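What follows is subunit A paired twice: with subunit B in the first complex and subunit C in the second.
Take a look at the complex of A and B:
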């Protein structure tokens, strides 16, 4: 993600360079490009996870079948997965956007929680407003709250040099405890359930499609549109270029006259706002209220999704679909295969580790194979100019 | 007087896990490797301590298991960030996620429960090494409420400080973090030094985790660390990468946690969450208000090629 396009392509070709060297055949171009971020490392990670599941007594075929039937196997499951995808798209986009500007927003969890609480409270308090005004304002409120909750972290980075990961994590814990207090006290619905009153019906997200008890709201479409817009903005506009340049080479950007630290602040606020919007969308489209321990880890899921997509908004739909499938299959995994829901977290962590170290893995393989070539060349004395292994 | 003794015992009990983890983090950060993975190391240590005690029946073996598992987590982080040159922050976060997932997964696989493990024998308190007679009552009372790991943690803190300040390997370790190229030119094995530093840091953090599970309690609770690893990282930053500074920062955070618990017992009618938030809020406020001159090690987070 931090490298320029040329280097990215070089990295993409690395697995296939190894492949062609072994099998002495050229590799078709589309395959090379596919292997860039998606396929190689996650495949290795998934193999590890399958081994773990096997050790726990679940065969790989069963595992894949269970995950499939739990996530896309029926209409109900597919809608559930799509519903789970919505917040992941937003938080994934939040992380990806911040990462392109050279920041790591790990505070999505807290920003989402604060955004959800504020939007739920706003929708309840502003129930006199007409529907066409209430819903957009609710979403804007949630986004603004998320952005504000991200503000201290980025200011601390700019003023005091404290890494934004630490301050954002502290803010996460504060957000979760504070919201839990607010919702069981001042903003609660008076029961001991720790939840706000339900939001009025005209603040709920309109349905696009309904059949029986299954329905499908506008929320996933909004999230997808946001991703599309972010891709356009990031890769096709001058602003996007300036924001990215703050991430690729901060000093060069400053020397070129780009106010890089201002861009970083702006992007981080936007990132927080996206996470807050994820919370607001959850409130408006799914739960219709805020309750205690609102987020089941959407922030960290978004982080993994963003890294799986190599930080590109245009591929987020694929990586979030994957993460959401895992999430929505967790109940079935628990009932059918007796795997605890924590298994999903393990999968996620192994994927994250393998994605961030995939460059290094291929570098190691290159090193071995070039060493092997060099030693074999000593035997038969045919001389070829040696291409140095880069990296 | 009794109240004061109880408060000091509580403060030490809260500060010592943080102390162990923060000094582990200090070792690794001074050698030039960013270590936000302390949370994962502590969590793994806490689980391994209970597992080791449960399997072998001896809490000392549990402590050993915690230390070695912490070192193993350190090896994962060091391997990913040094050998495979992964982004050290993302690798730390992945390691933390892995620790949360794996401890929960294994808790279910081994003990067939969710949330809380069955109880095991905890480490003895300090009073087990006191002589039977001739000890003032107050001291005895203090010793009864204090785990045996408290003096061990303080000793380790002093040892690490001395190691970094006065020994040649300590100087070499700091050299790797300040200027790896120069260190290599001087003939040091930079990667190996960093690897060992991160693993040792992991071992210390694992011990801190054991303090939580078989020192304070006698069982493992899912996500028992509750962000203490991140507080330890914050302590390293707040202490400006100096042992004495880190020690003071840890004492401060320990105070925060002790005060939070003290208040919660004192005023049970007030909502619990307001007290829970105190350590994090205090940490955040101090990070925001405190300005110091010391900068991090120059080569922190950079792996030489």
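Take a look at the complex of A and C:
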């Protein structure tokens, strides 16, 4: 019986096979699966938002059109969105990496703030250094500072059994207030603005493309490259495998001779370093200085981005693009549709919730791809049970 | 007249991926009987019971309970209908006390003040343990268990966890009890007691569904026996009108084939005889002269968990020897295995591996010396339940040159290795990319064993290796054990509660009692009686070393 099904599948023509694979259903009844499948929640979220827009006096279609044109509709908008994506990619990756090793790094906000301040101060103090040295060193300093800020949390966990969520959360507040003090006093620029002096021009992130006043820098590319590297490391290397094993079953990892606690410490430090790097990139590529209340919650948004991507670095670009699109469309929504900023926050929240409530749309994508892999080896798998029992 | 059945399975089917775990099962369970469900590993026994208990939903078919159709969407609903299940891999809360583990999900509260109905009102959310403690105490005493209710659950040995689960189900008023391989981790004595317990449950008017592949146990208690094979129901027989031979034959070959060969006498060697290995033979002098692989000298350690401290353990294992360690659960076997594997280090004494002191070396160093360890509950201690079979095979081998080059995992090689091992060990799995959670309990055990035995270790410490394996798989494993020890010179330490297993396969056997070795002898000179006496703490003169 099972084999018949397998043969049927193999006989089906190629596009239909693809279709049934993607929608995980036999061909005759695709719509049922599609509607019960992975588009329901986002579609429902969109419908709710359209209803809300109608109630607020804006056209429902206009709402969607405006979100699109505000985020990706023009070169300016797209660059704006990419810029907003960059720190989210880094903090999202920080959270995802720690998550795969069985840890929750909720302290990205603090690590990002510390990383930003330290990198800004380093760039200002080291202005004598040549550009090719100053910029990389600035980024490294930011990352190192973020890593150091994560150190107490993970050491407390390993030595004293303090849950890293609590200590990292408390470290966030310490970081934010400490940096805000430092920037108003010792490291300030002398004004009452609560900011550091600007970093020298040769510490700024080089531009990749410029047309008139529009330009974008190397920073998003660095962040994307990091995500790619993390994916490669986690899924293809033995170190990534060891770290993941420590995350899935700590005992089993230890019994297999893996230094599971050491991996957890190292991954948590790397996670902190990534968050610190997010701050350094913001300083070097966007603001060119550090100022009080520097981050609009990038650290916490990273948490959302990572869970939206189900902890997989390879899907972070999608989840952060989604979040950044909503963020960067808000001005146009305000001006173009005359909606209040609060309404925009509601729309963002509803759309985010709808995607999150899907329970991991990205998990389904993963499932598709693994199924595709499996069905390419289908011949082995369908015969396996028979052989196993009679053999 | 046949009385109305208590439970009816009507055409139940359940599919996992492409494989039918259950196909078209029709089965009646009568009130007040012990109904055994027998079958080999992966025959679909556990799946069928999980369907009854609401853990799984059938793809098609229906369940009739007491004459009316039911469909349980969760175990909670099944419990409300008076069904209780004791799982093979017992799920419990390690950090809670025994009492809390029993009442969890069914917490008694104070009578409501100002509200109506249970669970409402002012005090309704405040835990009230007094009456529950009394009621549970009564159930416990009636079963003859010795459970301290305020102990933490993770300090208890496996047998006690099982008792917790059983008391829990009875406390919730279960009339139908599903016991999934309840005896697989029990010592012979405990098994005997447990079977007696099942009879007394039946006498108390309860209906028991007993999943097992141990036919001896099945025949000593069951009224009727249902045999599953490859997801289908082969037959249901009255225990009185059949025998072990027939059931074993049906389990392996199916009812049709078994019926077609009724001339049992003429077939050379009975089936159960075919699977019985007697490999005992005296240790050759050459084996001893080849040198000792492992030598323990006066190893002592503190108490760990519920186990007593180890006192002055001295044993030695020769190359290619199968050394059995018997005894009743919780007498220090677990601690000793952990010391041997390098998970904990002893307080005093020395461990010599081929003459080298290793007592301060960790698991990693010992793995590098090819000392491997099969844990008592692999699912918790050795496997990655959510990962693929591939990654489970890789775990512990990821640093080897053959599986990783320049830090990158050699995927093709590990796939080939997994496929080889799946075929070699007869693991029923869709393929190396399937998740481990899609495997049945017995097949997970086969995988854990395969990982330990692959590539001939120098020394393997096996805790309860036959746990959950059926007759054929256990025989295949024993054959493999013998081959590895004779041909490749692998030494084994086999920790088992089953004296018959130890007697049939081991070269020498030691018995541990309260952290002390009561005696060590060549198994040819031993019998169940001597081992039983040692296990009960009676020292005598049979030890020849």
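Just so it is clear, the second predicted complex is superposed on the first by the 268 of 391 C-alpha atoms of A that agree within 3 Å, B and C clash if a C-alpha of one lies under 4 Å from a C-alpha of the other, contacts with A are read in each partner's own complex, and residues count from 1 in each chain.
As a working rule, a residue touches a chain if its C-beta (ideal position, glycine included) is under 8 Å from a C-beta of that chain, and two chains touch if they have at least 3 such contacts.
Small disclaimer: the values here were computed from a predicted structure and weren't measured.
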| item | value |
| --- | --- |
| Which of subunit B and subunit C A:236 touches, first, second, both or neither | second |
| Touched partner set for A:180, first subunit B, second subunit C, both or neither | first |
| Which partner, subunit B or subunit C, touches more subunit A residues | B |
| Touching partner for A:251 - first (subunit B), second (subunit C), both, neither | second |
| Which of subunit B and subunit C A:259 touches, first, second, both or neither | second |
| Partner chain(s) touched by A:166 [first = subunit B, second = subunit C, both, neither] | first |
| Touched partner set for A:128, first subunit B, second subunit C, both or neither | neither |
| Which superposed partner A:349 touches (first subunit B, second subunit C, both, neither) | first |
| List of subunit B residues in touch with subunit A within their complex | 36, 76, 80, 83-87, 89-91, 93-98, 100-105, 107-109, 114, 226-227, 230, 233-234, 237, 271, 273-274, 276-277, 280-281, 283-284, 287-288, 290-291, 295 |
| Subunit B partner contacts - residues on subunit A that touch it in the complex | 52, 56, 104, 106, 152, 156, 160-163, 165-167, 169-171, 173-174, 177-178, 180-181, 184-185, 300, 303-304, 307, 339-350, 352-353, 356-357, 359-361, 363-364 |
| Subunit A-facing residues of subunit C, complex | 18-20, 42, 230, 341, 343, 362-364, 367-368, 373, 375, 380-387, 391, 394-396, 398-399, 403-404, 407-409, 411, 419, 422-423, 426-431, 433-434 |
| Interface residues, subunit A side, partner subunit C - complex | 1-2, 5-6, 236-239, 241-242, 244-245, 248-249, 251-259, 370, 373-374, 377, 380-382, 384-385, 387-389, 391 |
